[in-house]
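Lettered A, B, C, D, E and F in written order, each chain numbered from 1.
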Amino acid sequence: MPAFEGQNLACTRAGRRIFAALEFTVPEGGALILLGANGSGKSSLLRMLAGLLAPAGGALHWDGKAVEDDPEAFQDNICYIGHGNAIKAVLTVHENLAFWSKLYPPTASEGLEELLDRALETFSLTSLRDVPGRQLSSGQSRRLALARLVTSPARIWLLDEPSVGLDDVSLKRLETAIAEQRAEGGIVIAATHTPLDIPDAGLLQLQNFAPPAFDPEMLENSW
Amino acid sequence: MDAFQNFLEMGNYGSYVWPSYGLSAFIMIWLVMSTLRRLRAREQELARRQGEFPSRRSSSPDTSGDPASS
Amino acid sequence: MGTGSIIARDLKLALRQRSDAAMIVLFFVLTAALFPFGVGPEANQLATIAPGVIWVTALLAVLLSLERLFLADYEDGSLELMALSPVPLEFTVLAKVLAHWMTTGLPLIAAAPLIAILFNMPVDALPVLALAMLLGTPTLSLIGAIGAALTLGARRGGVLVPLLVLPLYIPTLIFGVSAVDAALLGFPVRPHLLLLAGILLISLVVSPLAGAAALRQANE
Amino acid sequence: MILDYFANPARFLRLANAVLPWCVSATVILLGVGLYMALFVAPADYQQGESVRIMYVHVPAAWMAMFVYTNIAIASALSLIWRHPLADLAASASAPIGAAFTFLALVTGSLWGKPMWGTWWVWDARLTSVLILFFLYLGHMAITWAFDNPARGAKSAAVLALVGFVNVPIIKFSVDWWNTLHQPASVFRAGGPTIHPDMLWPLLIMGLGYSLFYITLLLLRIKSELLGARLRTLDSLRQDAA
Amino acid sequence: MGTGSIIARDLKLALRQRSDAAMIVLFFVLTAALFPFGVGPEANQLATIAPGVIWVTALLAVLLSLERLFLADYEDGSLELMALSPVPLEFTVLAKVLAHWMTTGLPLIAAAPLIAILFNMPVDALPVLALAMLLGTPTLSLIGAIGAALTLGARRGGVLVPLLVLPLYIPTLIFGVSAVDAALLGFPVRPHLLLLAGILLISLVVSPLAGAAALRQANE
Amino acid sequence: MPAFEGQNLACTRAGRRIFAALEFTVPEGGALILLGANGSGKSSLLRMLAGLLAPAGGALHWDGKAVEDDPEAFQDNICYIGHGNAIKAVLTVHENLAFWSKLYPPTASEGLEELLDRALETFSLTSLRDVPGRQLSSGQSRRLALARLVTSPARIWLLDEPSVGLDDVSLKRLETAIAEQRAEGGIVIAATHTPLDIPDAGLLQLQNFAPPAFDPEMLENSW
């Protein structure tokens, strides 16, 4: 049974049409990699899937139910890592992560502190635990953002260029984390420009869904 | 006794003069005390953490070269 | 738990970054100390303008800090994550406003009597002043939050935003000042305080709704 | 170059340890003698009566307020030009002492003003500029500790100290430039002191005692800061190890 | 050319984000308009406090806008590039201050007569008021720039700025007010204006030097 | 003749030692790639070379002259692209670029407008010329930052992860631009985690210069 799908999605930003008639399906435990040149709409699509951006057309389905029927319930299934790292300069690494995992309550099979420690360990941030956010290097900041994945109970991961600035070791750890998530039946959708080792991932070329050059009805239908 | 009383009254200005001297003394003593307290605390912490780093003296040749000292 | 942790985080942020309560008080005193230079040091005149000065300074402190209420979260991507979290955005707004008020409004209320005394205001008016500020400063934070949220998304809004928000402050200021004035002149203060409370109640309802709507726009 | 001599902190510490006992005894003696003379030897003023005794704590404190700030400004200039850490330490260690003296000058001045002028406070040039000085000290202290990197805080504070230095001449000459309630200088003035020697001597001795008190405290505080720096080094080593 | 283009850019930025400048002026007018409520509407009393109120609120309005002077450029990396450019950082500071003054100081000067009239200030004092503000407001921007530059990257930037800057504003405030007061009472205004000009000259020299030194620190 | 070299460089940030005894030499027309795990000090080194961060020890030489003798003259030789893109949200692409190239006056063999057009063309931004900064996608922003390289007359390029967020076409263009710069005798120093095709570039592994564990003098010398 397909778990997450989009039908006939269209996107408009600041009056410009970015993509149209976009379709995708990701089964349980599946993965989808978004490819395409800069500006082809990968980030826009991810924001749309997260519910931050309203689609200009089309519909999303999760577990057979239309997302727009109950968008808030759907959002509990989502963990979104955007371009911004959402790190506060004056809070320590641990405090930053703790805040987000309190806001997205994890399924409590282990205590919160253990969970945080495990998340920091996963992205080798343990030694930076008490360093304030402003002292992090770019890759360290990115790793802190990614650590949210570990604490989140979400089943769908939406990752916007997650590997930006990561060194080789951290990249491996990210790939492992993705594999584990999928093994547990989770779904991963990631946009990337650099190779990301996700076995059997579907590929979605955003450029294939560039909107038609000109459609006579467009003019008539423009409000 | 009377002289002392007079001294305390300061020609009716006692309630201004003594607070001036008192506050001056208090603040200056407080400055000294807080400085010393911080200094002592740091000296103690340095001494406590002596073991964390190889001290220069123990690795310098004149002590390590003398087998009798241990 | 989610709402609580937003408050806790914002308080922590405020303490680390913006100001200890002590700093706000210092700012308040410094600003108020400017007025004797401007207005002249005669005691009577100072006393008459004291309520105005205190309220203006409170407004200023709120404005000064509100501007960045959502901006930092907006720019670093935190706002998106808050919007996606299970905590309703309305609660998020309320939580952030509450944290903001606790770090600016409360210290202001605590410092106000000090200024009042510096300005030779009669002591019997102090309770009314404190009460009026207790009812008024949360309103300033609440209304300001709408403005702060609107400015994030409103590319089109432009100049309209402050034009809309600042006039909303006026009733609070008027009734805040007139409550204290009434106390000074021995008139009944209840009506003024009730009006302040009424405004507070209304903004308590309107601000989270409007603020959350504005934030959703901003996240596009 | 005197700062080159202090190429490392160890040498400064040795010097400080050697000088400190002398400073302490001199301070105690001078303050003791000064206090005795101020309270028992000096005459009452024919106009101000016994209240003039406030002078012996007020005036030295006011002098120190300006003197310490001047020192901070000099240290700041040295720090910005030669980038010697000792200058930074001298400035940051001086600021709280100077703030305390300024506070004392303000409070004892007020305590003197009430009986003499009939009010605790007037917004005149001398009083106002001293109040500004107090806020400048507070700002200096606040910015020194506002950064992760102590060096950054010290440099920023140095810039502020130099900018704020314009206030010191204003304090000094405010009584000449503007009409103030406060009386003009009678000790450190062109043409020599105009004050009666019976009052001048206790005042000068107290002033000297305050200065030595400042030097003693400064040495102690710099020493304490140096130990603090060692502790920070240890902390960073511990972090490296992790 | 480089300096000119910094001014041009900052003006362009300000114009595109008009709401900020509008907010400042609105704040100015609104807070000043509040005082009649605080002091009571008697014409005489209003007129006597008018110079003080105008100056203090102008000063607070400038303070309100200072935080943004370098912060955005600091956060997005522009400041580093400006520091590395062939244009000396001192000129960069001056250029940004000039742009800041043109978007806050000038509107304030334009709005001041309005408030003066609201406060029943005699019309003959208006030119002196305008002149005093013309000499005084650039000083406010110049000194404020030092504070804004010094606090970049500080743990509690927000409240540090007023703490550092307000004490340095006091002379400008005193002479600004006394110039207008002198005009109202028919005393000579020249000495006050000369003092304002003197302060302006000093800060014109000190501010670029200190500001540039502070910015270099901030970039490390 | 070696053109740009660093000797015995040391770096300290917020009291922590990042690297020490670092040496490098880049000849005219040469390139240096900085490698190393997150937090190893690549960005710090680049900021030091740009003159933004004071070295805790060591010296830089350019054309045989010590940089610290006249840092301002040296800075005219530098074009630094950091993690921040220095793009103003309300200015258009063209306005953003124009501002920076006015601030760093180009050697005027061609008019400013032509130069700007060429720079925009180099990183395929021509069609985005009048789009405001806030509407750019992450890769488009990065390209706008890189376009400064074309307008700059500087001989030394300091690039901090220049290829972050770039699509394949843009990456190729960046590599071409780097090659051209080197062909004209320029120097390129770049930090990166992803492969960057710069022929004959020297490699500098930051991790090789991790500071020594403990030096007894350190404690005595800490101010």
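FYI, contacts are C-beta pairs under 8 Å (C-beta built on N, C-alpha and C of every residue); 3 or more make two chains touch, one makes a residue touch a chain.
The structure displayed is predicted, hence computed values, not measured ones.
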Partner chains shared by subunit A and subunit E (touch criterion as defined above): C, D, F
Subunit C on subunit E, rotation in degrees - Cα superposition, rounded to nearest 5: 175
Greatest separation from subunit B - chain, by CA centre: A
Pair of chains joined by more contacts [C-beta pairs], D-E or D-F: D-E
Distance between chain centroids, defined by C-alpha means - subunit C, subunit D (Å): 39
Whole-Å gap separating subunit A and subunit C, where each centre is the average of the chain's CA atoms: 37
Centre distance in Å when subunit B and subunit E are each reduced to the mean of their C-alpha atoms: 46
Overlap residues in subunit D, where contacts from two or more other chains coincide: 128, 135, 138, 142, 148-149, 230, 234, 237, 239
Multi-chain contact residues (two or more partners), subunit F: 13-14, 83, 214, 219-220
For subunit C, residues that touch 2 or more chains besides their own: 16-17, 23, 26, 30, 37, 75
Residues on subunit A engaged by subunit C in the complex (per definition of touch): 50-54, 72, 75-76, 78, 80, 82-91, 95, 99-100, 102-105
In the complex, subunit C residues that touch subunit E: 16-20, 23-24, 26-27, 30-31, 34-35, 37-40, 45, 48-53, 55-56, 59-60, 63-65, 67-68, 75, 151, 154, 157-163, 166, 169-170, 173-174, 177-178, 181
Complex contacts: residues of subunit F adjacent to subunit D: 13-17, 211, 213-214, 218-223
Touching residues (chain side subunit C, partner subunit A) in the complex: 1-2, 5-6, 9, 12-13, 16-17, 72-73, 75-78, 80-88, 219-220
Footprint of subunit A on subunit F - complex, ascending: 13-14, 36-39, 43, 83, 128, 135-140, 143, 161, 164-171, 193-194
